[in-house]
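Take a look at this one; I'll ask things after.
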Amino acid sequence: MEQSEMLQFLQQVAQQKVSPEEALVKLKNTGFTELEYAKIDTERTVRTGYPEVIYGAGKTAAQIVGIVQAMKQQKQPILATRVTAKKAAAVLAQEPQLQYDQIAQTLRLPAAQIEQNGEIAVVTAGTSDINVAEEAAVTAEFFGNRVTRIYDVGVAGIQRLFSKLDLIRRANVVIVIAGMEGALTSVVGGLVDVPVIAVPTSVGYGSHLNGLTPLLSMLNSCAAGISVVNIDNGFGAAYNASMINHLAQGGKDE
Amino acid sequence: MEQSEMLQFLQQVAQQKVSPEEALVKLKNTGFTELEYAKIDTERTVRTGYPEVIYGAGKTAAQIVGIVQAMKQQKQPILATRVTAKKAAAVLAQEPQLQYDQIAQTLRLPAAQIEQNGEIAVVTAGTSDINVAEEAAVTAEFFGNRVTRIYDVGVAGIQRLFSKLDLIRRANVVIVIAGMEGALTSVVGGLVDVPVIAVPTSVGYGSHLNGLTPLLSMLNSCAAGISVVNIDNGFGAAYNASMINHLAQGGKDE
Amino acid sequence: MEQSEMLQFLQQVAQQKVSPEEALVKLKNTGFTELEYAKIDTERTVRTGYPEVIYGAGKTAAQIVGIVQAMKQQKQPILATRVTAKKAAAVLAQEPQLQYDQIAQTLRLPAAQIEQNGEIAVVTAGTSDINVAEEAAVTAEFFGNRVTRIYDVGVAGIQRLFSKLDLIRRANVVIVIAGMEGALTSVVGGLVDVPVIAVPTSVGYGSHLNGLTPLLSMLNSCAAGISVVNIDNGFGAAYNASMINHLAQGGKDE
Amino acid sequence: MEQSEMLQFLQQVAQQKVSPEEALVKLKNTGFTELEYAKIDTERTVRTGYPEVIYGAGKTAAQIVGIVQAMKQQKQPILATRVTAKKAAAVLAQEPQLQYDQIAQTLRLPAAQIEQNGEIAVVTAGTSDINVAEEAAVTAEFFGNRVTRIYDVGVAGIQRLFSKLDLIRRANVVIVIAGMEGALTSVVGGLVDVPVIAVPTSVGYGSHLNGLTPLLSMLNSCAAGISVVNIDNGFGAAYNASMINHLAQGGKDE
Amino acid sequence: MEQSEMLQFLQQVAQQKVSPEEALVKLKNTGFTELEYAKIDTERTVRTGYPEVIYGAGKTAAQIVGIVQAMKQQKQPILATRVTAKKAAAVLAQEPQLQYDQIAQTLRLPAAQIEQNGEIAVVTAGTSDINVAEEAAVTAEFFGNRVTRIYDVGVAGIQRLFSKLDLIRRANVVIVIAGMEGALTSVVGGLVDVPVIAVPTSVGYGSHLNGLTPLLSMLNSCAAGISVVNIDNGFGAAYNASMINHLAQGGKDE
Amino acid sequence: MEQSEMLQFLQQVAQQKVSPEEALVKLKNTGFTELEYAKIDTERTVRTGYPEVIYGAGKTAAQIVGIVQAMKQQKQPILATRVTAKKAAAVLAQEPQLQYDQIAQTLRLPAAQIEQNGEIAVVTAGTSDINVAEEAAVTAEFFGNRVTRIYDVGVAGIQRLFSKLDLIRRANVVIVIAGMEGALTSVVGGLVDVPVIAVPTSVGYGSHLNGLTPLLSMLNSCAAGISVVNIDNGFGAAYNASMINHLAQGGKDE
Amino acid sequence: MEQSEMLQFLQQVAQQKVSPEEALVKLKNTGFTELEYAKIDTERTVRTGYPEVIYGAGKTAAQIVGIVQAMKQQKQPILATRVTAKKAAAVLAQEPQLQYDQIAQTLRLPAAQIEQNGEIAVVTAGTSDINVAEEAAVTAEFFGNRVTRIYDVGVAGIQRLFSKLDLIRRANVVIVIAGMEGALTSVVGGLVDVPVIAVPTSVGYGSHLNGLTPLLSMLNSCAAGISVVNIDNGFGAAYNASMINHLAQGGKDE
Amino acid sequence: MEQSEMLQFLQQVAQQKVSPEEALVKLKNTGFTELEYAKIDTERTVRTGYPEVIYGAGKTAAQIVGIVQAMKQQKQPILATRVTAKKAAAVLAQEPQLQYDQIAQTLRLPAAQIEQNGEIAVVTAGTSDINVAEEAAVTAEFFGNRVTRIYDVGVAGIQRLFSKLDLIRRANVVIVIAGMEGALTSVVGGLVDVPVIAVPTSVGYGSHLNGLTPLLSMLNSCAAGISVVNIDNGFGAAYNASMINHLAQGGKDE
């Protein structure tokens, strides 16, 4: 509750329009739905502009079903990430109107058509980075962004990247997804004039250290305008990119 | 050179308006000024929307002077970061019209008044993070952004943060700068609806590992909408924030 | 054997009340029961105030059964932690009066009602931290403490935490259990006036490094009053919290 | 502000005893004193039971002086840690009534006699750990605890430890401070029935990794009842121990 | 396209021999075949002297089949590495003329006899390094080099190495493959007068850290003339060795 | 071949007692038996006093059988370590006179009674360290040493260790095997006057880092007289201890 | 001594042309000059084709002078690397005919004109990498190679690299030297058809980890044909490149 | 006090030959001299066969002087290690009869001639390892061992090692000291039949990680019979070697 709102509200208490007990409830309002194992953050859209998304990796199918049902009651849009095919099957048995995307490993409740404005480019260095890229793309679309997918343009054959540069430069934000040494990030960063969000992937072996190598590489990029999210975190990159794209669609005040 | 431009250009060659030799120079145009020890990227503003900034840490005072002089000839705006007081003195002896900021450790050529639009909040957890914060703030101002400084609001006394929340929420982008365990990032990330750029600092000791601890912490934030730059990289955060703020000022096409 | 006791004892030897041979046995008294593969520390309660607890992870079902039987003969209370469902089944086949808790992964011999005094709060950041939390809660109850469970109040939706603050502040000790970046620890630490024991969990991915990130984060907390135990070590946190709570119940001399 | 307080307070607003504007100030009350570079947490004693302590390492002498003066105005007790001899001299030139302890590297404002109740044992493995130990001891005394110092009783000559065991067992909490491999922690932990707070120190070389080795060792102790703070963090250990000792002095409700 | 070529080409445009549209296609020529999930770099042989090799680890059998078919259409030689027996079976079901090598884990299209010139020695420290060695050997043969295999000559029994020294010294390049501590590399490096390419393997346990130990060891070799590739990267070593051997066969200009 | 031997030998050549060709064979004598995948070091006993032992972990059952058969032909004593139950079964099907020890994971050819002289103590901190301890014990017995097993005497219940001290002090060398934090090593090291060989084990979790924690701890022991081998390397410790014990049995010259 | 040589030599012994004593000296010939603190490897040129180079970092000025004098007596060419300006001054006071290069930090004895054949390209990403580059360039020239220097062509402004591509492609070997994230390596590796030797530099900060980041990045390059040497090891890269270039000049047999 | 001794002693109490009070003192006998900052372990020679050695690194000159004086009073032999030249000067001003060795960085009280029996070989890979080697050599001589120094025989010029092999093989124990990659250890380990104690040194740069690389390398040696001490720990290696050599001189009972 911001300062002006609160002053208004306290004036209502002073004017007896609101009882102290009601006021207490309001001021201490938890803003969440309580399950046995979770507290669903129902005020998140108000507070951060985005609904809560279910992170499926640490939860059982039963827990996901429970959260989905609670969110459905509150008419919230639903997206769950990191849901394996096996866990998805168990959830779908209970909630068949959800849709599963095996590459992106997401479950979604198909909303009324989401309007998609502004463009986010999702660029990968290799074929093996596509799972992470689809997690990003599906998330970005869920949040109302248009997505351009440009896959397998790593720098070992740099002509592939140059041939797609016009496409990439059309976007308001670029998500670059790369395993190995992550060099694509710096090359793209040096060629565009919009923010680049880098996602290291766990694709590699040996001294790749499950993605630490491209993570470190991206954090030390010689190109400016690059920020980084956790290894394989396609969701986080898309969330961030969506915020930026929405700002570009008319600023935060719209 | 984008596709449509190049077609136009090649048509001029076909029409004899441009000679093959001129065309070669144009197509192979290096877009940089060559010094003995550096190649100044004079086309960067065109390509990425931002002029080149001099990273002072790895260069001698003489090299900085050389680059400054080359940039002055091309009427480029000038900012140098990571310049120690001692190195700055040596540069200023040669280029006295530069201005040195001891906290931010920057050298600037005072341009005609830069118009500053849109707001970037620079938030620190502690007093010791202020050097990095000022590097960010000075850089953001150099690139034409309005900056709100909110320092020493770490979560150990969380009421300090809440009292400044209205200020922070006014910004288009928030830069959160924190050493220790970097927890401020997640708390801010959960309370705002704009992108947060996190800067871990090397402020700490022991298992802090010179900033690796807040870096890892920020990359694993439970709040969405956070992306991360290198330890102590105030410049990079500001560059990134500036790109986002400019998008919010009317999109990339302006 | 403390100094005064030993003097008394030696005087008994001098007075021929105790033979040198008996004295030798007493002074060299091993204070443990010897199995082929283990030496059960039967004097631990005397020495540290707590009975030995069986750490199930590195032992076979047969070894656990053997130790349980030896402890039963000595009328010791029995708790085994880190027992998988499969191993538990094998143990229960031999020792059916034990009780298994699948979430906490513990086996217990239901004692005569344990009196539970003073309160320990067990707080988690997320749903996925509940296994570790239950290991802590069950252990704390076994050692005679009252436990308040407060789950899924991570800082991404900080209003959830504030709504439970009264509950948390009622405790003598707070155990904070968090994966991801562990920021909840610092926020709680800044809001309570009792010791906080932090338990990092292995819940996360990528640069989370199986729990090293929240471990480092907690060790570098900007809030004072926090100490840390090993990753996923719910048992250790509860043991420690119990010691503190018992001190608060009337000091160590009771 | 807790729930019951707030209800009372809102009733006063309803009864016109407090105006909405006053209420706003109260509810938004920042609880800190704002300097240019710091926000001093003046409500910390109320909230956590302890005054703010100045962490000297990241601050200039001038900043320390400024904070000291602000705290003096509010009649707060003053302790600054990690103050080098050189920085202390600069502070003392401005604030001569402070007292400097060169071994502990602390600055204190000598309060009226602090009553010291209950006992905390500060135990070190070696001579080189004494600096950290004194930081802990001075802090504990500042917070009103009696301190027993037992130095240089590392396990290489374990008879030294046993000869001091009676002394150690008298305390309500034991702080064990060790560099090298930190084995003393486990041995003490197995011999006492009170909480042990372990402080790894940076004393060692080579694979000691500036204290990471004893830190890891202490986190993996085979003895229960041990929790750990950051490398060289004598202050944190004492703060924690003080909280526990105060609980033992009559519980948190006194 | 090099400078002289481009001048010629632009002159053809000026002379109307090439239309601007054709020129555009040529200058923007992508040089790759586009599949849904991959962009096959068909110009690689021209650019780097070597055809693209399929890295099988991150790809499904279906993707490998698709790439193989695209490459067959372009008459490219085919080699796929890191193909497990199971994945190979699935590929062979579709493309039965490929040949699988179970030790090297490679799939090949048997070309018309490849001429093999110059000699590369593949030397291993132990029996367990043979898989990596065969990946290297098969790759080197695929690229037209003669390979001498010298296995299990680690330094614990150094007479085994000396007895094979004449064989090793006959080669133009030596690939040394070793797990454990990788000491063989330095000993060989001190005894030959040709480049040594070192391949650390993941053979070992404990502090071997899955190959990081020999990797670090090889990078710090006291012998000169050694360069290093990633852990288990037999392919990369062979590719590199082949380039060197081909230079020795008559230089790059032949 | 040592200097005096070689002079003698060259004199025989000069005296025509040995032909140059014979001499060549002798001087270039490889001292190993060559299999396709291995070179068995048949001179190791001469050179180092110990026969080659088969490290089973990186080898197939077929390779182990091949090496066993080659060694049997040369009448060498046979020990294979790190042989899983499954692999052992496959080897035993071919070589039924071998004996398998499931705890130690070793295969042995029962030799004529090996005389066992001098005593090696094998001491473990916990029950879970017994596998490694048995690998050490079986190896030491194979090399002709008497072994005293003292298991589960970790420092959390230090009276268990003291009650066995007489036994431990009887040995010429002590092998201390410990996981967790490895503190037992330092305590034993401070109590005995013979060399201690420390073996860290992978028994632990979280920040134990699969044995790196006790490894680092042991390397930084405050007690002198301790040296360390790789994590879980029971074989290496026993080999080393055997060398020392044999020296104590009459020096190396016997 | 190779097999055929040794047979010849033994025949001379049999024919009394060489006495056994002479033979012993020859067969045991140490091939080095013994100083108190060093054994200079005077046979290295014969064995590896290259003279020994003095690594100055770990040696005192006096030790360098001693080694220089011993090498001068044997008419060996002299190069010392990693000699600081201060140490160089002390050496030059004794050996004034040496020449010091302050950027490369080398000392050389100017030989009669060394013939320089074949070309090695030394390419750096930034200005700060020039010290390492000059160490490489001076070393390569010392060993008789022609060197092309191409500095400051990092990928943030990739047009700088493309404008120099013709120059780079002319070389037989390319040394790529880069700090930050080292992405230049992969881009160059994808554009040339000769071996690339990558040298990570310690230029960077924060998560750059003193060069570990580009080291890891280079080891995981998506481009083939790249091998890597230690951080800042310009000498090692040049040594390696020289071996390759010499092979290209006519093979190893010339 | 061992069991038989204690029985005897208790019988004396029973027989009134010893009073209970005297017995108490004896049984609780601390066995150390207490200074303010240190407890000197005066029983160490009895318990471990070796006097306490002063580790100078963590102590002030005044503390070293104090300990030296206490030990002189008890007629103990005196050795202090890790004493810098500056600290040594301050100590010598107080205790001029001590002798300082600048290379080994040791202070000694010249005892009556120590008899030196049996031989320990101290072998280094390079010239820069000599400081550590001399710490080892001086320590070994202090403990009554004969020392053979063999320096700068690293494997890059392996003929240097072979020429000294007879010397090395004469010893009862070999200490191998190496920085860089530490390969010398494995080569020596494969050539001798006595225990090898490996000492990694901090000599190296970049990925050498201040000695972690040779440490890991030595722990993973393919040669058996090797155990390892901490980086640069010449003292520890010598202490260990001395124990072994003394066993070889006639067993532990002499």
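Lettered A, B, C, D, E, F, G and H in written order, each chain numbered from 1.
In this text, a residue touches a chain if its C-beta (ideal position, glycine included) is under 8 Å from a C-beta of that chain, and two chains touch if they have at least 3 such contacts.
Predicted model, so just to flag it, every value in this text is computed and none were measured.
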- Item | Centroid comparison with chain B (C-alpha atoms), farthest chain | F
- Item | Same or different residue numbers at the chain F/chain G copy interface, by half rule | same
- Task: Select, from B-C and A-D, the pair of chains that is joined by more C-beta pairs in contact.
- Result: B-C
- Query: Just how far, in Å, is the C-alpha centre of chain E from the one of chain B?
  - Reply: 41
- Task: Measure off the straight-line distance from the CA centroid of chain D to the CA centroid of chain G, and report it in whole Å.
- Result: 54
- Distance from the CA centroid of chain D to that of chain F, rounded to the nearest Å? 49
- Query: When you check chain A against every other chain, which residues touch at least two of them?
  - Reply: 3, 28, 47, 126, 156-157, 190-191, 206-208, 212, 215, 219-220, 224, 230
- Which chain pairs touch, all of them: A-B, A-C, A-D, A-E, A-G, B-C, B-D, B-E, B-G, C-D, C-F, C-H, D-F, D-H, E-F, E-G, E-H, F-G, F-H, G-H
- Note on the structure: Note: in the complex, chain F contacts chain E through residues 28-32, 37-39, 41, 43-44, 47, 52, 57-59, 63, 200, 202, 210-212, 215, 230-233
- Item | chain G residues within the chain A interface of the complex | 125-126, 154-158, 180-183, 185-187, 189-191, 204, 206-209, 212-214, 216-224
- Write out the stretch or stretches of chain H touching chain G in their complex. 126-128, 130, 151-153, 156-157, 159-160, 162-163, 179, 203, 205-208
- Using the touch definition up top, name the residues of chain C that touch chain D in the complex. 2-3, 47-50, 53, 165-166, 169, 172, 190-195, 197, 215, 219-220, 224-230, 235-237, 239-240, 243-244, 247-249, 251-252
- Please name which positions on chain D make contact with chain A in the complex. 3, 6-7, 10-11, 13-14, 16, 19-21, 23-24, 27-28
